[in-house]
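The next block holds one structure in the form of structure tokens; read it before the comments.
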Amino acid sequence: MMSTQTVRLLIACPDGRGIIAAAAGFLAEHGGNIVNADQHTDPAHGSFFMRVEIEVDGFTLDRTTFATAWEPLATRYDMRWHVEWGDRRKRMAVLVSRETHCLNDILWRWKSGEIDVDLAFVAGNHRDAESEVTSFGVDYHYLPVSAETKPEQEAELLRLIGAAEVDFVVLARYMQVLSPSFVAQFPQRIINIHHSFLPAFAGSKPYHQAFERGVKIIGATSHYVTDDLDDGPIIAQATLEVDHRDTVEDLVRKGRDLERVVLARAVRLHVQDKILVSNNKTVVFE
Amino acid sequence: MMSTQTVRLLIACPDGRGIIAAAAGFLAEHGGNIVNADQHTDPAHGSFFMRVEIEVDGFTLDRTTFATAWEPLATRYDMRWHVEWGDRRKRMAVLVSRETHCLNDILWRWKSGEIDVDLAFVAGNHRDAESEVTSFGVDYHYLPVSAETKPEQEAELLRLIGAAEVDFVVLARYMQVLSPSFVAQFPQRIINIHHSFLPAFAGSKPYHQAFERGVKIIGATSHYVTDDLDDGPIIAQATLEVDHRDTVEDLVRKGRDLERVVLARAVRLHVQDKILVSNNKTVVFE
Amino acid sequence: MMSTQTVRLLIACPDGRGIIAAAAGFLAEHGGNIVNADQHTDPAHGSFFMRVEIEVDGFTLDRTTFATAWEPLATRYDMRWHVEWGDRRKRMAVLVSRETHCLNDILWRWKSGEIDVDLAFVAGNHRDAESEVTSFGVDYHYLPVSAETKPEQEAELLRLIGAAEVDFVVLARYMQVLSPSFVAQFPQRIINIHHSFLPAFAGSKPYHQAFERGVKIIGATSHYVTDDLDDGPIIAQATLEVDHRDTVEDLVRKGRDLERVVLARAVRLHVQDKILVSNNKTVVFE
Amino acid sequence: MMSTQTVRLLIACPDGRGIIAAAAGFLAEHGGNIVNADQHTDPAHGSFFMRVEIEVDGFTLDRTTFATAWEPLATRYDMRWHVEWGDRRKRMAVLVSRETHCLNDILWRWKSGEIDVDLAFVAGNHRDAESEVTSFGVDYHYLPVSAETKPEQEAELLRLIGAAEVDFVVLARYMQVLSPSFVAQFPQRIINIHHSFLPAFAGSKPYHQAFERGVKIIGATSHYVTDDLDDGPIIAQATLEVDHRDTVEDLVRKGRDLERVVLARAVRLHVQDKILVSNNKTVVFE
């Protein structure tokens, strides 16, 4: 699989002349064969973004030598940059509450190899999902939470994440708001699924809100979690048509089909290092 | 065409036993052959809705005799009801500002017979659309407007509407807010197109709002105009995917393809008497 | 749930005057409160279709008395008709081969109650799905098959179906062609998912065919199985956009998201008795 | 506008190491600032594709000097390549028969500047579209055709195309099959819209075919015209849902909304030099 054989270089910097040529030249100089290159210029903010995938085979730089060699060029163009070496799978944890449709979907995709990660564990504030998770041979941590116990619960979660060397966290319909201090430790590393086409119907019970408003489409949105509830950078969205015959329960049911697909898409993009964030928006190199 | 050959009966009432049988029985008794029947029960509000299309041929009731015959049944079930006799085309006026994509689309559909109405006139607060309209052989009224002249402008518009016996008004990207007193005279008879998937991005410059938020889908919404701006009953919506490469101008361009189709769909449904409104939501019998 | 509380009456007959009134009158006469009524006239074939859902509560006819009471009316209008009494869940069997995405999806929907059936068993010509099925507490029958053993294998399958009183069979990516004699025993009771937007790419390896042709959309189709391979009445279809970057493997992966949803939709419609078949086409009363 | 300010370089060659770096280096060396770069590797055929957009400002090569400078690199990598200098608008001719929805749509988009081309003329084998075309201030050539007069008609068409220096031809529902000798003169320069989701329902009356088959989605396909009818490289497709209530006439009507958008999208992509063809498939750099 690609994921273990290519190096991914992600770059964001002010737009300017010659960046592509400079980067491509640098990589060629060090034996790096580019197998995929995407770039994007945002004229509104004068920003430039690039993602390059390089064959490991023949590339003369590695984890220890890359930064030094690359730094002059990064400095010249004032780059934020990041390399993923692709020599290990990312490690994922999943949080869940009672609803398991997204969880089941992720478990199947993980088991089948469609999402190419190590699944460290699943944790939830209810026991509903436990048997489903363990039937996949995955650890389930039951972490009940109340307003009073939230600090302890999050501390325990942090401990589990640390112990399991988790790279990113997926909220598969986890119906708790994570504290700012928790979120701050995982910038662009917590992926949530919200069950509406944000920014419409942020907050709780979006399908009820949609029903009340009488919309003719419903949607789902995956986004990185930030301190502003439901306001993080949007990774993926999808919508489908509904009509007056649909009850709230129908919206919930139909919405599940969106949520599964939209969350899986976001997770997959994250795993493949295809997402860059800038100005609370995402550049997604699909 | 159907539109001149069938009678349409629309009913809204509290839900109850035997309404369909009573209505169907009544119609059969008077020689009315049902060629189309739709009904909907809204359990959330305990409401019942029905639309029946009846062949004129054989139907022994007419414009003068129907109400008296029907009234007992209407009273029994506490019905709001309405009959369209289908013996004349509805008369439509279109308001426009500078952007003509929706207008051109409506003109083509009207000319080709796809929208089966009489087009009374087009009016606009700019001259941009004038030649386009007159090239279709349609009257164009230039009605400039400012904050000060708005009362006079709307009065003139009302006069034109009255003189031309207009049944309903289409706002084909008319960028003026109609006054409450104007709106009040045309309940469920003014159709607007808003260039976002409402309730997201209500108000002005929705594509700019969408760009700023970084959504991955954009949309368009047709709705009946009420006093609450962009908050009237939604008739139709559509969405399409966008991505980080799309500038505001791209959103505007792509959005036009949605706006045309969504507005045309709403107009067509209205013309065919397929829309019932209740609790600020629509029942659309497609 | 609705499914155990309403009687569903399905009717197909030549179009004619007064059918709706006659049917509605009959039901009212016997205390049947209509909670849902759909009808459709196909002018191309002069056919009329109706589906009526009636509250059990108050209905004075039952399984033993309905036919006699209804027969005169059925004869008068030359109806094919069918009643589902809704007093027991339908019983479903699922056949599978190696790919389990549709199977897993159905199992989850069944377990969660979204698909309101009894799941009699799953059978497959490979062992790949076995542990997944049994982890849901469902029986799995391993029925390997070759060209030579096909008659025996189908005989065994028939025996299992008979013993478990199965009402309908779902082919959840079952990659074997069922024999005409098998199919003949389950008219409109075997639901297949084909991984293309039929009639394009019928037969084997549709994603490879799609890749070779360079289409920009792929699709999935659920249909009732008939003797003509991939040519039975279509129940539901869905499509999604692809582009030149998608390899065959990408099409396969993206297609799975369509297949799951399209098959589940067909199964749900079948379970709710919302499908009528005529001229190898379906009338789907959603 | 971009279209007059950037040079577009399109490349297709066997895949190999260092192509991006070599091309980017070459351009940088000659002062060319890359404002857009897309590349695609097709592992199935071992092919590499690239499209680069370069600012004219600062680029030291031009129409007369580019080829000589570029040739060594092109030879080394065995490239097919093509440069568009962006110093003049492409010139378009449109062919039409009786149906004008696509034509009207193109005329509006051209007039509004959305499609950035010179519209040389419209020609048709009927007079239906004439007044619509001339009302836009565009020349209309009436070129009736029969089996016998086809060679003369196509000769006249060729003469008009030559005289008007037309770059590419759009078949906006032109219901005549162009002869192989005509087609041969415009490889990848004739764009057709077919009213089905090809390869389903190739040939005539696709909506009738779709109705007969009972599909639940219909589609439209834009493609380059080749000798094999409806079998040229697909540029864009779109689909929408239909159901049993839709008559053939409804499919035709709904399909028009697809045809307009899909054809316009293909024309736009062609005008922006965003399409590469290989193995009868398109690489579309959107």
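Note that the chains are named A, B, C and D in the order they appear, and that numbering of residues resets to 1 at the start of each chain.
In this section, contacts are C-beta pairs under 8 Å (C-beta built on N, C-alpha and C of every residue); 3 or more make two chains touch, one makes a residue touch a chain.
All values reported here derive from a predicted model rather than from experimental measurement.
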- Where each step is a move between two chains that touch, what is the least number of such steps from subunit A to subunit C? 1
- Check: interface with higher C-beta contact count, A-B vs B-C, is A-B
- Query: What's the chain with its C-alpha centre farthest out from subunit B?
  - Reply: A
- Task: Could you put a whole-Å number on the gap between the CA centroids of subunit B and subunit C?
- Result: 37
- Item | Between subunit B and subunit A, distance of the C-alpha-averaged centres to the nearest whole Å | 42
- Item | Junction residues of subunit D - those touching two or more other chains | 241, 245, 286
- Query: For subunit C, which residues are in contact with subunit D within the complex?
  - Reply: 40, 42-44, 197-201, 211, 213-217, 219, 233-239, 241, 243-245, 247-248, 279-284, 286
- Query: Residues of subunit C touching subunit B in their complex?
  - Reply: 17-18, 20-22, 24-25, 27-28, 33-39, 41, 58
- Query: Along subunit D, where are the residues that touch subunit B in the complex?
  - Reply: 100-101, 104, 108, 112, 114, 135, 245, 253, 256-257, 261, 264, 286
